[in-house]
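Chain lettering (A, B, C and D) follows the sequence in which the chains are written, and residue indices restart at 1 in each chain.
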Amino acid sequence: MFKYILKRLVMLIPIILGISFLIFFVMSLSPGDPARIILGEYATQEDVEALREEMGLNDSLIVQYARYIFKAIRGDLGTSYQTGQPVIREILERFPFTFKLAIGAVMIAVVLGIPIGIISAVKQYSWIDNLSMVVSMILTSMPGFWYGLMLMIIFALNLRWFPSTGASSFKHYVLPCITLSCNTFALMIRTTRSTMLEEIRQDYVRTAKAKGARAMRVIAKHSLRNALLPVITVAGMQFGILLGGAVVIESVFSIPGLGTYVVNAVKLKDTPSVTAAIMFIGVIGGVVNLIVDVLYTYIDPRLKSRYVKPKAVSRSEKEAA
Amino acid sequence: MKKAISLALALCLLLTLCACGSEAPKAPEEEKDSAPAENESVLDTLDSGTEGEAASDQKPLRFRLKTEPNTLDPHKTSGTGDPQVIQYQMYESLFREEKDGTIVPALAESYELAEDSTFIVIHVRQGVFFHNDTPMTADDVVFSLNRAIETGYNNAYVGAIDNVEKVDDSTIKINLKYAYAPIITCLSTLSTAIVSKDYVETNGDDILTRSPMGTGPYKLEDWVSGDRLVFKAYPKYWRGEAQIKDASIIFISDNTAAAISLETGDIDVMTNLSTADIPTIKENPELQFVTGPAASQLLVTFNNASGVFADARMREAVYLCIDRQAIVDVAADGYGVVQTAPLDSVLVECPKDFEVPEMNVERAKELVAEAGYPEGITISMPTIDNGTYSKPATLLKEQLAPCGINIDIQLMERAAWDDMVIYNTNYELAIWALPITALDSDFCASKFLGANCGGGGNFSNCSIEEIDELILRGRFLPLGPERTENYLKFCEAIRDNFVVCPIYTNMRNNAASAHLGGVYPSATLHMYMYDYYWIQ
Amino acid sequence: MEYRTDDATVYAVNGVSFNVGKGESLGLIGETGAGKTSIALSIMRLLPDRIGVITGGKILLDGTDITAAGESAMCDIRGEKVSMIFQDPMTSLNPVMEVGDQIEEVLLLHRPEMTVEQRRKKTDEILEMIGIPAERKHEYPHQFSGGMKQRIVIAIALACEPMLLLADEPTTALDVTIQAQVLEMMNGLKEKLGTSIVLITHDFGVVAQTCDRVAVIYAGEVVEIGTAYDLFEGEDHHPYTQGLFGSIPNMNVDEERLHPIEGLMPDPTILAKGCSFADRCPYAQEVCFREKPHCREKNGHRVFCRFSKYPEADREEDVEYE
Amino acid sequence: MEKKGRSQSGAIWFRFQKNKLALISLVILGAIVLAALFANVLIDPELVTTTNSSLRLQTPSAEHWFGTDLYGRDVLARIVYGARVSLTVSVTAVFGALIVGGLLGAVAAYFGGHVENIIMRIMDIFMAIPSLVMAIAVVAALGASTVNLVVALIVARAPQFARVVRSAILPIRDLEYVEAATACGTSHRRIILRHILPNVLGPIIVQTTLQMGHCIIQIAGLSFVGLGIQPPTPEWGSMLSEAREYMRRYSFLVVPPGLAIMITVFCFNRIGDGLRDALDPKLKN
């Protein structure tokens, strides 16, 4: 098990390297000279040239990348072209906002989505099942900014229940979390429903019923635990996705999260910031997946034997399952 | 055993995540619990150290800006807009632009400008303190001006300065490279803001990026990255402590969301109000709509030196096709003023009712044909990806189509556009809102100086001797009829050569709570929270 | 009882009637798809939701009709008075629950008066009884072999010492040696606890070994019912029973090939008007297609066939059956 | 073999048409596709881009059924033409992603070993980058144009297809009939195309329809960030994000593009779900 975790962490390294190279490469393709962006329009060509030299922008892409990576290995993720601040500091400043947002969204999705999914599965084809299916479809059928603005107009402007923008209190997170959870919520309902449908047809459920267990108990004690396994994986993956995918919601509700940070950095050609932030998101995503997988083994005894004998189960395989 | 170790390891990973989560400089939720109203969350706790009575009638001010600055270092900031608005609260220069556009001495007690405008002697104001309570001296002024020159960000404003020398403890002398009349205006920009010499020298040159040290009315208390800047009135400010003691500048990137926040009372004042929201704001008795012309004009610019529009006939054709009012009506929802002269309308030298050729699509068509495109031509137009530019671009496309110029709008982000159009002039035609930070015609006219081609800010790539002469002449003419005459000639020269085609003057559309007094529009975004006060 | 699907209604069990005495074991024998499992599920009232429906008849347990019992009452009956051993031990256990807990759950449900300690002890006893060391109760199903899993399933069924045990092919998934063990165990339990057993199988050997009485099921109907002796040694049989016997390889006679019953089971979506076996019966008369067969009884041995006298089939001349 | 295939698709159709919602969705989507195909017959193309500042922001009327937008253009015309753009972009993007991702996934699953490892690790790298950020970066690097937008969408979606296809093939890879084909000396290409792909069509079709919906939404998201379709091309997502500023006073502006997106995405999702149930009957009943 210990070996397995170590192995998984080691396997993250090539992925992180790949991410950083890819981002470095894509960023270098895009037009715009970072030195020029920093100095502005009045700067003379010599000033710009001098700054380029200072920033090492005149070296070849490979040299720049190698330099960046060697620094990164020593723990220095570079300084932002734009602000001159250590990138890692900026990321750590931004990350809590995104983290809370993502946690909130996943929580809402899990807390509401799983029970609704269960009810839908247990009462398959009932009106409640149909309703929840339609609602989940509608939630995935509109872009996030639209829901965000709608919620803001309804709950912040008309009802005055929640503040409209900002991130300084718990209340501020309610609307953005709900907006962000739309997709995940729908996904949770659908995943729970389908795994639950599969589980309640299993033989062991019949065994449990034959023991005289009542329907609620059969669902709660038997089907649910089995059905939740894939749901947990999906929730974990969603969490990873939401960490970097909340750009639009963050900008609608003006939450200073990582998503907007990355997008702004892309726009300003701030390669170190973009690279480090995406690497950071990648690592966090990988670690979350790993945590989910490890927790998984404690929930599902069948997997434990697989992990104890470290037969490599790659992350992608896990996700595909 | 192994099980325990691995479980512990998993928990460690989880904890690391949580730790990252709580490493925020301020964990907002915890503060919230005790705060009675959500509007006062952050500031309330910051207040706790001071006397309690102030909080009762002292509502904190929340000022919305669209974008967060990368740096608060005034000498390392370029361009116009939100970064300046922030710095005006914390920094001052030797002179200050007042709300009516006049320039008054600020950190300069008095000054003497040489007859021939080649040097200026400044008596530095005494009894001014930096936010660390150290007094400002002539040394600080000399240091700041030299630093501004060295950084290279602000050649437009400090380019004329040859050197700065300290005469005595309260007097400095600025020698100019050439006679330069607008020097006083230059010294009112933030590019020449006065910073503490000791502070910078002790803490290193980069310290000002996030920890400013100026003499302005507000002192920066906290910077919540991406969210807000928290200020506190500086009690020893030389003009007297600001009326509003606590203020923060909040960053809300979406204009619609910002307007909603203003209505819900989550912010008190905002810039960049979307024109679509103006009617709503006007209807709300709790809010006030504050507007005025901006020192920013939207214009169609051509690459005068190469490509299709190097041919003056093509540029003239565009002139003849443009319906300015239609663009104002749609792109600015009518909140804009048609502009014909290439000088910002707020400048004193801007000619009124400047005549331009009348619309004539037939003639435009002929011109395009004469220029060698009887079948018409398709041109790709780089356009910045926000409504300010894409809306007029859409209309321009419609208006130019009849004369045979088909525009292909190519949206791109600001940085790429700047690189393409402003720095490398690698384009045919584009739409730009040309802003100036300080009110002098020279700042506007200099963009057309032949010597500024290729990196000096001359985005139209025009290099016409007549225009160059007029620009250089304008620089040492003092305000007066002669200067006005000079700039009229300049405008005519630009028009006759069809260098750029002005469309309209943008408005500074601001909105604020009706309870906030002292809010006024500033053409150059000189917005001082110092002037604001609460109406009881 | 019927299965109603989107496509059609399947008449799975039709007019089956039998009784099981206390401490008696009844074997239900018949082809795959004859409706044996459906009978058991009907008794348990565990037919698939919305699809399986009991349309008529009575199931009397200790004098009360359980078809009329509410779901809540059924929950009290299941596991307590009637319990069932399912076909496939591999999938019948919850994979994420310790086996001990799975056994204990029955006690938890039906013996609320027992203390935690008592339940644990009882669980251990049951495990020991089925030959699994009690200390393995904290293991999960995937850690057990197929035979052991089946024994655990049996343990779950027996935990509350039910009046009636429905064993649905308990040995099919097991290899022969384990089969014997399991059957022996069931027999022992019957003796020890006085449980009535309904054993569902298609294996004559198993029936012969364990059952007091045997019912032959065909197309959802009982075609013959009697003591094991009646069936295996008696002379008077339903033609289907004869056919079944005919399809078992006889080791004593040197045969070239097996003797399958020709034809297929009738379409279960069509309710037969006459004798359901008529299509495949070599002796079928015109009347068999029209009317339901009579029942003839001799000392409790009932055969549902119109004709009592038909030529004893010559096993070596199966050609004649056509 | 042929006949069997037909009867199998017949059975799938039988099961599919039982799902009324999916069937209705199919009909609606069909109507939308037809409207898109015959847009120029239904509506004068001039209406789509002709601006008129005196006619702007008019409420729905007999002349302009859905009203006019901020440029004074007819919203109905733009919705109908927008169907063309939205559907074309999402269909090309999804099929592009399917071809790129599907082939990579198939190759990975089929060859296994190092090939699989390398391909899937590369896919992991792409997956780790948030797809909107990826799309923005690609558009920024290549320049904004409809073609580059499609490229960006393909890059962002291909890894998902790779994974779906790979995980669909993995269990089939070692089945007897594939071994039999290998034993007969059939080429790899032929085995993948002829023997394996037909069997993974189910999950692929489902994934494709679901991705169509996601794609339309993502274009809208990109429009919000400013990098969608180039104006004045009508496209639902950019219409929605253009109308966003005006939606408080002129709510009729967001309704048509919003409904168009919602209905189309809903239909794609429902059809996808219907197909999944039809292709995998064991989930039902």
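To be clear about the criterion, a residue touches a chain if its C-beta (ideal position, glycine included) is under 8 Å from a C-beta of that chain, and two chains touch if they have at least 3 such contacts.
Worth saying up front: this structure is predicted, and the values here are computed from it rather than measured.
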Exercise for review: Please indicate the chain closest to the centre of the assembly, with centres calculated from CA atoms only.
Suggested key: A
Check your understanding: Counting only C-beta pairs in contact, which pair of chains has the most of them?
Key -> A-B
**Study point:** Whole-Å gap separating subunit B and subunit D, where each centre is the average of the chain's CA atoms
**Key:** 42
Check your understanding: What is the distance in Å between the mean C-alpha positions of subunit B and subunit C?
Key -> 87
Study note, to complete from the structure: Between the Cα centroids of subunit A and subunit D the separation in whole angstrom comes to 22
Check your understanding: So how far apart, in whole Å, are subunit C and subunit D when each is placed at the average of its C-alpha atoms?
Key -> 53
Revision key, fill the gap. Note: subunit A residues in touch with at least two other chains are 30-31, 149, 153, 251, 266-267
Exercise for review: For subunit D, jot down the residues that touch at least 2 other chains.
Suggested key: 140, 143, 225, 244, 247-248
Exercise for review: List, in ascending order, every residue of subunit B touching at least 2 other chains.
Suggested key: 256, 412-413, 416
**Study point:** In the complex with subunit D, residue positions of subunit A that touch it
**Key:** 14-15, 18-19, 22-23, 26-27, 29-31, 137-138, 140-146, 149, 153, 194, 197-198, 241, 243-245, 247-248, 251, 259, 262-263, 266-267, 274, 278, 281-282, 285-286, 314-317, 319-321
**Study point:** In the complex, subunit D residues that touch subunit B
**Key:** 49-51, 53, 56, 70-72, 140, 143-145, 225-228, 230-232, 242, 244-249
**Study point:** Touching residues on subunit A, where the partner in the complex is subunit B
**Key:** 1-2, 4-5, 30-33, 36-37, 39-45, 47-48, 80, 82-85, 90, 92-97, 99-100, 103, 149, 152-153, 156-157, 160, 163-172, 251-257, 260-261, 266-269, 284, 287-288, 290-291, 294-295, 298
Review point. For the complex, which residues does subunit A have touching subunit C?
Key: 202-204, 206-215, 217, 221-222, 225-226, 299-302, 305
Exercise for review: Give every residue of subunit D touching subunit A within the complex, in rising order.
Suggested key: 120-126, 128-133, 136-138, 140-143, 163-164, 166-167, 170, 213, 217, 220-221, 224-225, 237, 240-241, 244, 247-248, 254, 258, 261-263, 265-266, 269-270, 283
